[in-house]
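Two complexes follow with chain A in common, the first pairing it with chain B and the second with chain C.
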Partner chain A sequence: MILVNPVVDILLISGLAAVIVPLLGGLVRAEKRFLGIVGVLAYIALLAYLLQPDVWGSIHRYEPFQGLFSSSLTLDGFSKFFILVFSILAIPVYLHSIDYMARDRNLVLYYTLTGIMMFGLIGLSMADDLFTFFVFWEAMAISSYVLVGFRYHLDEPVEAAVKYLVMSGVASLLMLYGISIIYGLVGSLRISAVVAYLQGGVTGQAIYPVLLAATLLFIGFGVKAAYFPFWTWLPDAHPAAPSPISALLSGIVIKAGIVGLAKFALPFIDLLDEVFYPILVIVTVVTITLANLMALMQSDVKRLLAYSSIANIGFVLIGYVSALYGAGVVGLAAAFSHVLSHALGKGLAFLAVGGILYVLHSRAIVDLEGFGKRYPGLSIALMIALLSLSGLPPLPGFWSKWLLILSAWEAGEYLIAGVGVFNSVLAAIYYLWLFQRIFFSEPRIESRVEVPGYLLTSLTILIFIMVAIGIYPELMYSYAFEAAKALAPLLATP
Partner chain B sequence: MIMESLLFTSVALVAIGLYMVSTKKNLMKIVIGLEILATGVNLSFIAMGYIRTGGLTDPLPQAIVVTAIVLDGVLVGVALALTLVVFRRFKTLDVDKLRNLRW
Partner chain C sequence: MLVSLSLYILVIGALIAYLAAEKLGAKTGYLVFAIIAAVQGITHYAYVYSRPYVERISWVDIPGFMETTLFFKVDGIGFLFVTIIMTVTALAAIYSVGYMEHAENIRVYYMAYLIYVAGMYGAIVSYNLIQFFFFWELMLIPSYYMIAEWGYGDRRRVAFKYFLYTQLGSILLIIAIAILGTLSVEKIGVLTFDLDALYGLIGSIDMATQRLLLFLMLIGFGVKMALVPLHGWLPEAHAEAPTPISVILSGVMIEIGLYGLIRYTIPFTLDVWGSEFFTNLLLGLALITLFYGGLNALVQRDVKRLLAYSSISQMGYMFLGVAALNFVSLEGGIYHVFSHGLLKALLFMVAGVMIHVVGVRSLDQLGGLAGKMPLTASLAIIGAMGIAGLPGIAAFISEFMIFGGVWEANTPYRLAFLFIAVLGSALSAAYMTVFIREIFFRELPEELEEVGEAPLTMLIPMAGLAILAIVFGVYPKPLLDILVAGLEEFFAAIGGVA
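Right after this comes the complex of A and B.
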């Protein structure tokens, strides 16, 4: 069933999830926490809508304000894949919030902002020109600043939100500056026009503004995706947010930078590969290695997971490097399947840690010792997430890392492939060490709080999806390859 | 002439904004720096539109700048609200005095 146009319908469904909440919030007097159900229903509806044969089967376009904004949105394999990833994580996050946020105030604001953030993410994955992308990007970014500082009666969230806002705000503005230079060069912000301009050959003096624009885009996406050296806000902001929001931030909001990098920056990097090849390789290697070493030293479990998110962004970059320098579509598909497997794994890890916070009120790894004996449900969820993140078969993390390293090897990037293998082992060490302390130590803290039902349901959904992908990796690969094929025309090397 | 001065002003504003954000210690001044940076970026769009058509006739940059001003307004609104919360909690606006704020 298509109402107007699939693009409009998808924006309408996810927009309604944000808009209805304040209206319902005025009507519902008690138990405002159940407003989370609105989000759950909306994203189930969105998934059902997206997987209809006539929506999934073909490419849809929508161009509002013709001539004026030259704004355009496309629903192709790439955006379908990312909308799928975003919606799959949104459902358990909303369910988890019902229990986790039950004791907080301003729940109407919380669900509205979460809805706007998801709306921005879904819109920017469909944006086909840089300015539409920027508008959705800001909708997503500004609501995420407020959500990081949501518990403003505590010290840590306020500080983290200030740091996040200043760094990310500057980055967004620098990105817009880059977009203005691209407009000056091309005269249009459509990605097809930009690619045509770049593939037409840029020579002589014109190379310098193109280089400047590419650098500004690289910085703008880099701060959001948090690769080296722009990651400094992430280890503060992600742990400070409420746990369901940490799951969204680490799982999919940092992937917004990856979406932008893939769709809008890769054509530039492809053209300027003599300049960007060393930068990209250094960024990838340093991001993975340094973030993993920092994660080894953490004593706070949410901070550890935040550093591991940075390391995983480095893994996604491996896919981009190999896509640009030989592997083509396979590299992109590897990067995208890692986006999916990391979103599921890190989402589950943060939601499980949220459950632990709910019953223990402590984030210190020391306090988690022996936790597995008291709360087997939460611990099994955390265990599955950690095993997937450390890349043990047969979970999604293994399949995506395997394809990543394979694609780097095929592209002849032996250094990058070696770094990937080394860091998989390094990451496995700290995940398994955490795992061992949780399950095989004597309990330190006695807790009598029971784990609430919606929270456990949200974990169960994610575990089920992860095991399903682990057993049939074809599910993940086929969608990721479709997404990569949609981007192939942007690259000069097929 | 007008083209060069527009471009030069926008580059200067962006540089001033970046300088303020990276060196100032007072949170209020950092927010002002963000706003100057935003103004420079918007002026750059107008300048680019002028370069392309030799006049202010292209609607695309005008439409973009109007939208970007709204987005900057929202950004600065959130930044000022956070500044207020910081001042109420810590009784200072000095970012060095905040425990975790190291960049």
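Right after this comes the complex of A and C.
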């Protein structure tokens, strides 16, 4: 069933999930927490809509404006993949919020902002030109600042939100500057026009503005994706946010930077590969290694997960590097597989930690000792997430990391392949140590709080999806490969 | 259909065991025995009626990118491995009924136990490199957990060490798999790991890559096999694990590393492995392992540690057979997996009786128990005679074939290797004699006056193992026929050597 145009319909469904909340909020007097159901239903509907054959089967375009602010959105393999990832994570996050946020005030604001953030994410993954992309990007970014500082009566979230706001705001401005340069060079912001301009050959003096624009984009996306050296906001902001929001931030919001990088920056990097090659390799290696080492040193479980998110962004970059320097589509497919597996794994990890916070009121790893004896369900969920993130079969993390290493090997990037393998084992060993503390130590904190139902359901959904993908990796690979194929024409060396 | 059915039975059986154990407690072991026996029955049926049994299911099928199937195959080699794994694990499940009767958290024990078995079974019947690795890693978590939860002594540290060693070995395997995957993209045009497709690469892999692959996989599998100097985890893990798990670890799990070498390393590194230099090197490595384990076993004063070092030594024999790389030696090596599995499982169960019934595990405090527990003593003597290589028991046949195979190895020093290897048998006889004498003969210490015979749940599995070891020592033909058929097929597939 297609109402107007698949692109518009998808935006409508996801926009409605945001807009309807304040209206309903006025009607519902008590139990405002159940507004979360709106989001759950909306994203189930969106998934169902997306997966119907006449929407999934072909490429759809929508061009609302012409002229100076010409705008275009495309629903191709690439955007379908990302919408899929975003929606799959949104459902358990909304479910989790129903229980987790029950004790907070301003729930109408919370659900509205979450809705807008999701709307921005879904829009930007379909954007086909930098202008549209930027509009959705800002919608997503601004709502996420507020969500990080949502518990404004506490110090930590406010401080983290301000830091995030400043860094991300500057990054957005730099990106905007880059976009304006590109407009000046190409005369259009359509990615097809930009690619045509770049592949037409840029010679002599003209290379410098292109280089400047590319650098600005690389920094702009880099702050959001949080790779080295632009990551400093993330370890503060992600732990400070409420846990469901942390799950969204770490699971998919940082992937917005990955979307932008893939669609808008890779063509530039492809052209300027001599300049960018050493930069990319250094950024990748340092991001993975340093973030992993930092993760091992944390005493706060949410900070640990935040650093692990940075390390995983580094893993996604492995795929991009290999794609640019030899592995082509396989590299991109590996990177996108990892986007999915990390979104699931990190989403589950933050939601499980949310559950732990709900019953324990402590984020310190020491307090988790012996926790597994009291709350085996929550602990096992956290361990499944961590083991998937460290790449142990039969979980999706294994399939994506393994493909990343293969693509790096295929591209001849032996250093990066080695760094990747070494780091995943390092992480596996560390997480195992954590496992021992959680399951085999004597409990330190007594807690008799029951784990609420919606919260457990949200974890179960994610575990189920992860095990399914772990046993049938085709579920992940086929979508990721479609996405990679859709993006391949943007690269000169497919 | 049949093999995937078996895997379903094991995994669903794990859940059933978890639920059933709330009522049945340790007695769930009988149920676990039935589940494993059913799987062995199905696999047996599958193999006997279609030698070899092949099953392919669509798995990852993305044209132009990755085409690999869930590929199960039970050929002669695989059948032998499956049989020994299922025999040992099934009997160890009955043994657990007596041994784990006072253990806490028994529900998780049997669940982990069956998942562990599923991992081993899946690794053997897989005919696809990445699928093999998938099951290979599936073995790790349950075995780790069982050591850490129900082990002895410093069990958390020991289990952690086990995990660490194995995981570091797995890194190298992952890189080797990535190399083979890259080769398949280059030569076949699509990413695939089905062994029938990968075997097509044989002959087109250059020597440098072969050397790299051999290096990576030898270490990767060698950690699991506890080849010296990669053996650091084994003596502790096997000694401190709960006894049924020691039985499985020593009896069958470490041998899966050997299986990996045969199935996934030899074919792709044929030229390097068969060269004179590497034959010398690998045979030397096997002898070092053999003697290191044997000499260490001789001086141990802990029953299980002695057996753990003996496993390292016996692994030296098996690896000797594989390293010599010819028909007879491989036949001997694989048959030794079978016979060693039976005998070492039996001996570990005897050690378990010492821990559970007698309550003492140091050889210094044991002695003179032959009069108190005559049945256990007789069974232990059968096991010890087997490991020592006496005729009439299965290990004699396999060791004999290994020696025959070494004589045919591609090296001018084969006489020296053979001589040293035969000398090693004397070492086995020596430490096994120590084991028997210190436990069952000498004077009976006063504290052990009250000791009685082991319970039936422990005696029956031990007797079963002993009988099988004698039957297949006297009449090995049925198994050897199956093995020969499997090896012929294997050598035909890799195009060579025999």
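Just so it is clear, the second predicted complex is superposed on the first by the 493 of 494 C-alpha atoms of A that agree within 3 Å, B and C clash if a C-alpha of one lies under 4 Å from a C-alpha of the other, contacts with A are read in each partner's own complex, and residues count from 1 in each chain.
Assume contacts are C-beta pairs under 8 Å (C-beta built on N, C-alpha and C of every residue); 3 or more make two chains touch, one makes a residue touch a chain.
Here the structure is a predicted model, which means the values were calculated and not measured.
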| item | value |
| --- | --- |
| When chain B and chain C are modelled together on chain A, clash or fit | fit |
| Cα-centre angle that chain B and chain C span when viewed from chain A, reported as a multiple of 10 degrees | 150 |
| Chain B versus chain C as contact partner of A:Y208, first or second or both or neither | neither |
| Partner chain(s) touched by A:W433 [first = chain B, second = chain C, both, neither] | second |
| First (chain B), second (chain C), both or neither touched by A:A161 | first |
| First (chain B), second (chain C), both or neither touched by A:F422 | second |
| Which superposed partner A:P473 touches (first chain B, second chain C, both, neither) | second |
| Dominant contact partner of chain A by residue count, chain C or chain B | B |
| Chain C versus chain B - closest C-alpha approach in the superposed model, Å | 36 |
| Complex contact set, residues of chain C against chain A | 59-62, 65-66, 130, 133-134, 137-138, 140-141, 144, 148-149, 156, 160, 163-164, 167-168, 170-171, 174-175, 177-179, 181-182, 185, 191 |
| Partner chain A, residues of chain B touching it in the complex | 14, 17-18, 21, 27, 30, 34, 37-38, 40-41, 44-45, 47-49, 51-52, 59-61, 63-64, 67-68, 71, 74-75, 78-79, 82-83, 85-86, 89-90, 95, 98-103 |
| Residues of chain A that touch chain C when the two form their complex | 329-330, 333, 387, 392-394, 398, 402, 405-406, 409-410, 417-418, 421-422, 425, 428-429, 432-433, 436, 440, 472-474, 477-478, 481 |
| Chain A residues touching chain B - in the complex, by the definition given at the top | 65, 67-70, 131, 134-135, 138, 142, 145-146, 149, 152, 155-156, 158-163, 165-167, 169-170, 172-173, 176-177, 180-181, 183-184, 187-189, 232-233, 236 |
